[in-house]
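Input: structures, listed below.
What follows is a pair of complexes built around subunit A, which joins subunit B in one and subunit C in the other.
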Partner chain A sequence: MSERVGVYICHCGSNIAGIVDVEEVARWAGETLEDVVVSREYKFMCSSLGQELIEEDIKEQGLTRVVVGACSPHLHEKTFRRACANAGLNPYLCQMTSLREQVSWVIEDRAAATEKAKAMISAAVERVKLHEPLEAEHVPVNPTTLVVGGGIAGIQAALELADAGYPVVMVEREPSIGGHMAQFDKTFPTLDCAACILTPKMSDVGMHPNITLLTYSEVEEVTGFVGNFHARIRKKARFVNEELCTGCGICIEKCPKNVLDEGFEVGLGFRKAIYRPFPQAIPKFPVVDTVNCTYFETGKCLACEKFCPTEAIDMEQKDEILSYDVGNVILATGYDLFDSRKLPQYGYGRLPNVFTNLEFERLCNAAGPTEGSIVLRDGVTTPKSVAIIHCVGSRDQNNNPYCSAICCMSALKFGHLVMEKTGAEVYSFYIDMRPLSKGYEEFYDRLMQEGMHFVRGRVAEVTDIARTPEEEGKLVIQAEDTLVGKQRRVPVDMVILMAGLEPRADADEVGIKFGISCGAAGWFTERHPKLDPVATMTDGIFIAGVCQGPKDIPDTVAQGAAASARVQGMISKGSVEIEPVVATIDAERCSGCRICNELCPYNAIEFLADEGVSYINTALCKGCGTCVAACPAKAISGAHFRDDQIFAEIEGLLFDALPAADDAVLA
Partner chain B sequence: MAETTYEPKIVAFLCNWCSYRAADLAGTSRMKYPANIRMVRVMCSGRVDPAFVLRAISKGADGVMIAGCHPGECHYQEQNYKTMRRFEMLKQTLLGFGMEEKRIRLQWASAAEGGVLAQAIRDMVDDIRALGPMNWPGNWAPDPDAEEAILALAEEHAEVMEVAR
Partner chain C sequence: MKYSYFPGCSLEKNADAYDKSTRAIAEPLGIELVEIEDWNCCGATEYLALNQTAAYSLIARNLAQAAKNEDVTELTAPCSACYLNLRKADKYLGMKNGLADRVSQALAAGGLSYKSGTLHVRHLLDVIYQDVGLDRLSEQTIRPLYGLKVAPYYGCMIVRPAFGNGSQDPQNPTSLDRVLEALGAQVVDYPVKADCCGGHMTQISEDSGFELIRRLIKAAADAEADAIVTLCPMCQLNLDGFQSAMNRHFDTSYHVPVLYFTQVIGLAMGMTPSSLGIGQEIVSAVDALAKIGSEPPPEPPQPTRRKRGDKSLPMPTARVEA
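Let's turn to the complex of A and B:
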């Protein structure tokens, strides 16, 4: 019995119809292609009216197959499959082809675009006729969520999940959660102190009965699939027994070794060889820095062990490998700061009084190395004038072309803090001011009224070579003032570089580990830039915070909450649909050659020695189809991507081509 | 003879995760490329059976592109390495048949590389336009010396071949 195929061509407003002659394609398909019984075009196929059109035709015209020529299947394949299912047709009997992304948006010539659209419809029709009904498998969702990264994004996501009653495993690479926000002094535009709003949330995470907190730990491997991931986590040895440690801090006090703190204090302060990154660290347990600890260097000392009242120090401790089964993953891995040394013209690392934004946060912080006094690198002198340079490494074709989104507002905050604490003159060198969110423009106004100076122009150079007596002993900012149209030299005591945000150095590696990708700039790619910003192309893996792209704290928190809401939705639904696109082996045809066994990266194929054939465990199969292509006996079949279906698609695509034999007439 | 109106037809096999998304991105970014390429979506470039390529050619394609994730970035961990190996063998076979090298192309394009894919398509269409239609027998230049040698060999071993038969 032949199939009854319905063809639907979407105008997508004028997106497709503006280039493709949709009426002609629909007419042609209806008149030319075998088994097509209905062929229509419609303004918006994805609208409810468009979907109803398909549903009515299935019911009234008895369609057995549906082809939709519209946008990319990545956008609306689910929509049209659902429409088919609503009308009682198995959703896998629908085929979508991309007349927008692959035709109307990339081709300028109307005739060529229409011809290509015909080829694609013809391919879809030939293919869909060979489709077979498939049933999606439903598997339960493990209610535990893995949150990777303990900055404010991860904290927000973890707390919302835990408060809703769901278990969370939080993994943080550093000894304490808190992330970059814990290093900040004040937060714009309200100027409330970062620690005051962050540390209560940190302790909530530490004490929450639903949260298993693993700090100083890293995810080594993730296997499985949505609803059923399996994570292997390395918990690095802290050399402190967490069961016994009370966090009293006597070990830190007694440790004789001072170490420059290049982590939390960004090189401005010192810590001990056994340390907590900062006093409010969560968890409170210290960690031994084996690179600097005297015991690890010489085998002697153990002052910490001697003085520990609970005998919690354990120098024999080894890394532990822990395993967790989780249903979903939220990645909130944050960012690295742009390395200002890459712009030698600004003198960072060479001119002592050039600071980065993060260094300034620590300088300004009452809990920081200077107890909040803003002083030069000598530790005593208060600057009388400060220059803030925007867009360091950002909006720069030689480095990061994107805007780092937070620096304008941080610079305004710094301006306020400098003026408030020191009374110094503050000069901001900006390209454009971008105070975009709620209350930000008002904060900019406030700073203008407070007397911060704004010079519009990218700074060419920071130099200590004076040209005039006033410039002696100063750092001179050389920049073009583009509003006045002339070069300016501004002598100052201190320079703050607003270093931009960059993807983590290992973002690519982490992405591969979790099966998600990074965009051109290196940030994790969301499923849809506008409509699905926290999901990824891999089901069950979500992203939140700056790892997805530069953003400020309010947006980061919003994304953490959004990711948690998405996960809660998955958990409360209870099960997920697994695409039935898997491979199977026909035991009758299998010769037992075992070529396929070695090809599967998921170990889904096992060899049944008794029967002398290979067998695919469909629960492990991800449906890539590599084994299908490799089987010399053609015993393996890949559902929904069978050989005959793809052959039919190829032949349909080439409906207007001459076969090779007839074409080879040229001498 | 190849006329000025000759428009090659190229079939491309794109993996679902990187290169098909690169095509999506090329579209949403309104990058332009010639209409000569027609795409088939497969889950992974590793699914591309050499028979698909041969079928496309036998049905009149003037060239075939296989596109996948960059090595090390495969959605299925490492399957594109298998594509790479398979592609080399297939290419050698097709070259042996007298097909020009530029008619078959393996292209890596990540989901962020709409521009890379669009440029590869433009280049390939230009290359094949310059080659003209498929011309296998024409490319198979006869070598009289080789033919003579084969005949001489056959004569020399006629007895053995008789037995073997």
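Let's turn to the complex of A and C:
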């Protein structure tokens, strides 16, 4: 029985019709192509009227197949599949072909565009005739969510889910949650104290009955698929029994070993070998730093154990491996700071009074190493002049080409804090000021009023080589003032480098672990940069905060909340539909060579050792076809992308090719 | 290791000591130098600004002459200007532009030809740093330069990234630092190591030229360097030859000798100063070289425990070079 195909050509306003002769294509398809019983063109096929046109034809003309030539299937495939389903036709019997992205937007010549459109329609018609009805599977969603990263993004996401009544497992690599925000002093543009607004949320996380908090822990492996993930988590030994520890801190007080704190205090302060990163740490339990602890070095000391009133110190503690079943994952893994030592011209690491932005946050913080006094590296002298250098490692073709988004505003914040606390002159060396959000431009204006100096130009170097007596003993900033068109040399006492944000050094590895990808710059890739910023191409894996790209605290919090809303939607729906366009292995033909196992980018193929064959988990399979192409035994077939369907499509494309003179060419 | 050798005009005249010391250390370091037959001017700096076709034809003639010897594909020049010009010519001849065609025509008129990439143009420092290597330098060091404090000065030409600078950081090159350390010398912090020596400014505008020289000499003196070690005849001429004029100009009394790196390598290898052309410099290096001791200087004291009441903030750790 031959199929009854309906062809619909969309004008897309003038997007397609402006270049392609749509009337001609529709007429040609109706008259020429075999099995086409209806062929129409319409102004906007995606409109309700356009969809109704298809639905009516299916019912009245008895169409068994539908071809729509319009925009990219990325945009409207779902629309037309739904229209078919509404009229009782299996949605996979509809084929969409892109006459806009692949024809009218990329071809200037009207005749050529029209010819290509015909070929595309012909290909779709030949292909759709071989389509078979497919049914989507439904799987239940586990209501527990895994949140990876306990910075402000993860905290926000976890709290919103937990407050809505859903269980959350939060995993944080460091001994405490809080992330970078816990290190900051004030937040722009309102200048509220970062700790004052963050710590209540941190303790909410710590106390919440719906949140299982695992700090000093890392996700080792994630298996499963949307709604049904299985996470294996390594909880590193703290050497402190959390059930006995009261958090009194006597162990820390009695520990005789001082260690440079390169974590929370970014190398500016000291901590003990048993420590809590900061006083408001959540959880309150300290950890033993085994690299520096005297006991781990020599087998002696144990001062902490001797003085602990509850016998909570346990030097025999081992890492634990924990397992959790979760329905969705939110990755909020944050960022690393650009290493300013990569720019020797700015002298960081060589010139003592060159500081990074994160060092300055600690310097300014009342709980920091200087108890909030802004002083030079000698720890005593108050600077009389401070230069702030923007875009360190950012907007730089040799390092990170992107803008780090937060540095202009934190530079303004620093300017305010320096002037308020020391009365020093502050010079900002910027390329462009980018105060983009609510209240930001006003803050910039305020700093101009307060007398901060702004020099537009990228700094060439920071040097201690004086040219004039006035420069002796100072750090000299050499920069072109591009607004004046002159070179400037500005001698100052202190320099703050606004080091940019970088993807975590292990972002790639983490991406692979969770089955998501990183873009060129290394940030996790969202499903759509505008319309789907917190989802990823892997269903059930969401991203929030700076791990997706540089952003400030308000945007980070918004993404945390957005990711949680997406997850709540999944949970309240209760089940997810699994796209039936998947690959299947014919066990009879599978030789068990396992070539496909390693190739699958979604970890969807497992080897069934008992039966000696590979098996595809259809819930994980994305239908990419990699395994289909690779299988040497041709044991794998991809639904909706079968060989005969593709060959038919190719033959359709070549509708106007001359008949092969020599069959040997094809053989 | 065989290299085509392009001495350039400086090494025949004012930088004769550079040529002498280069040839002296070459053999013991396993470098065989084959001087390019009938080489000519590298074009220096002025000619390039006047007539590019003529200038690059002039430079390319040297490449064509060297390429006649098919056994040797490496070409080394100790002079930074020669190195940069040869390197530029090699690069531009490989580009599709009118210049490459015109230069090829000019060469052909003289019965010569050169195909870009035939020769690998290297500065002598890069040859010693990469091909000879620090291990071999240390092995050959029989009279280590213990106690000699040196300021490594690279100048502006060999660090330019567009022409392949041995993947050094153009702002902070370190190969000469490592070479000098391998000889046992103490390298001082010299942040102006790639700054301008003044070039020909002393001939055009004395004020500008002397100021540029002063900055380099002062930075070395402030860092308590006994000598500046350089690798460029132009830099050496400016810092050494014009040092007393600069002193008169600013009423200062700096005395910082300026040596070629090949000379200090030779010293460390136990050669006599005169065989390396030491003594030909204008600012005498005698006092500086007298500081070379027979014992390694004492190790700087390890930082002890922080004293009670020490409020100073720790310095960030130095970056480990890749």
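Rule of thumb we're sticking to: the second predicted complex is superposed on the first by the 560 of 667 C-alpha atoms of A that agree within 3 Å, B and C clash if a C-alpha of one lies under 4 Å from a C-alpha of the other, contacts with A are read in each partner's own complex, and residues count from 1 in each chain.
Criterion: a contact is a pair of C-beta atoms (placed from the backbone, for glycine too) under 8 Å apart; a residue touches a chain by one contact, two chains touch by 3 or more.
Note that this is a predicted model, so its numbers are computed, not measured.
Trainee: Can you tell me whether subunit B or subunit C touches more residues on subunit A?
Mentor: Looking at subunit A, the partner in contact with more of its residues is B.
Trainee: Applying the document's definition of touch, where does A:Leu268 land relative to subunit B and subunit C: first, second, both, or neither?
Mentor: So A:Leu268 only meets subunit C here.
Trainee: Counting only touches as set out at the top, which of subunit B and subunit C does A:Met120 meet: first, second, both, neither?
Mentor: first
Trainee: Based on the superposed arrangement, let me know which partner A:Pro344 touches: subunit B (first), subunit C (second), both, or neither?
Mentor: In the superposed model, A:Pro344 contacts subunit C only, not subunit B.
Trainee: Now for A:Thr525: first (subunit B), second (subunit C), both, or neither, which partner does it touch?
Mentor: After superposing on A, A:Thr525 lies in contact with subunit B but is clear of subunit C.
Trainee: Which partner chains sit in contact with A:Leu654 here, subunit B, subunit C, both or neither? Use first/second/both/neither.
Mentor: After superposition on chain A, A:Leu654 lies in contact with subunit B alone.
Trainee: For A:Gln102, select first, second, both or neither according to whether it touches subunit B, subunit C, the two together, or no partner.
Mentor: Only subunit B is touched by A:Gln102; subunit C is not.
Trainee: Quick one: which bits of subunit A touch subunit B in the complex? Just the residue numbers, please.
Mentor: Residues in contact with subunit B: 72-74, 98, 100-103, 105-109, 112-113, 115-116, 119-120, 123, 512, 515, 517-520, 525, 537, 581, 599, 601-602, 622-626, 628-630, 638, 641, 643, 646-647, 649-651, 653-654, 656-660, 663-664, 666-667.
Trainee: Which residues, counting only subunit A, touch subunit C once they are in their complex?
Mentor: Answer in residue numbers: 258, 260, 267-268, 339, 341-345, 347-350, 352, 359, 363, 369-370, 375, 377-380, 461, 463-465, 467.
Trainee: Using the touch definition from the top, list the residues of subunit C that touch subunit A in their complex.
Mentor: Against subunit A, the touching part of subunit C is residues 169, 171-172, 189, 191-192, 211, 215, 218-219, 222, 306, 310-319.
Trainee: How about subunit B: which of its residues touch subunit A in the complex?
Mentor: So the residues of subunit B touching subunit A come out as 1-2, 9, 11, 17-18, 20-21, 23-24, 26-28, 30-35, 38-44, 46-52, 55-61, 72-73, 75-79, 82-83, 86, 110-113, 118, 132-138.
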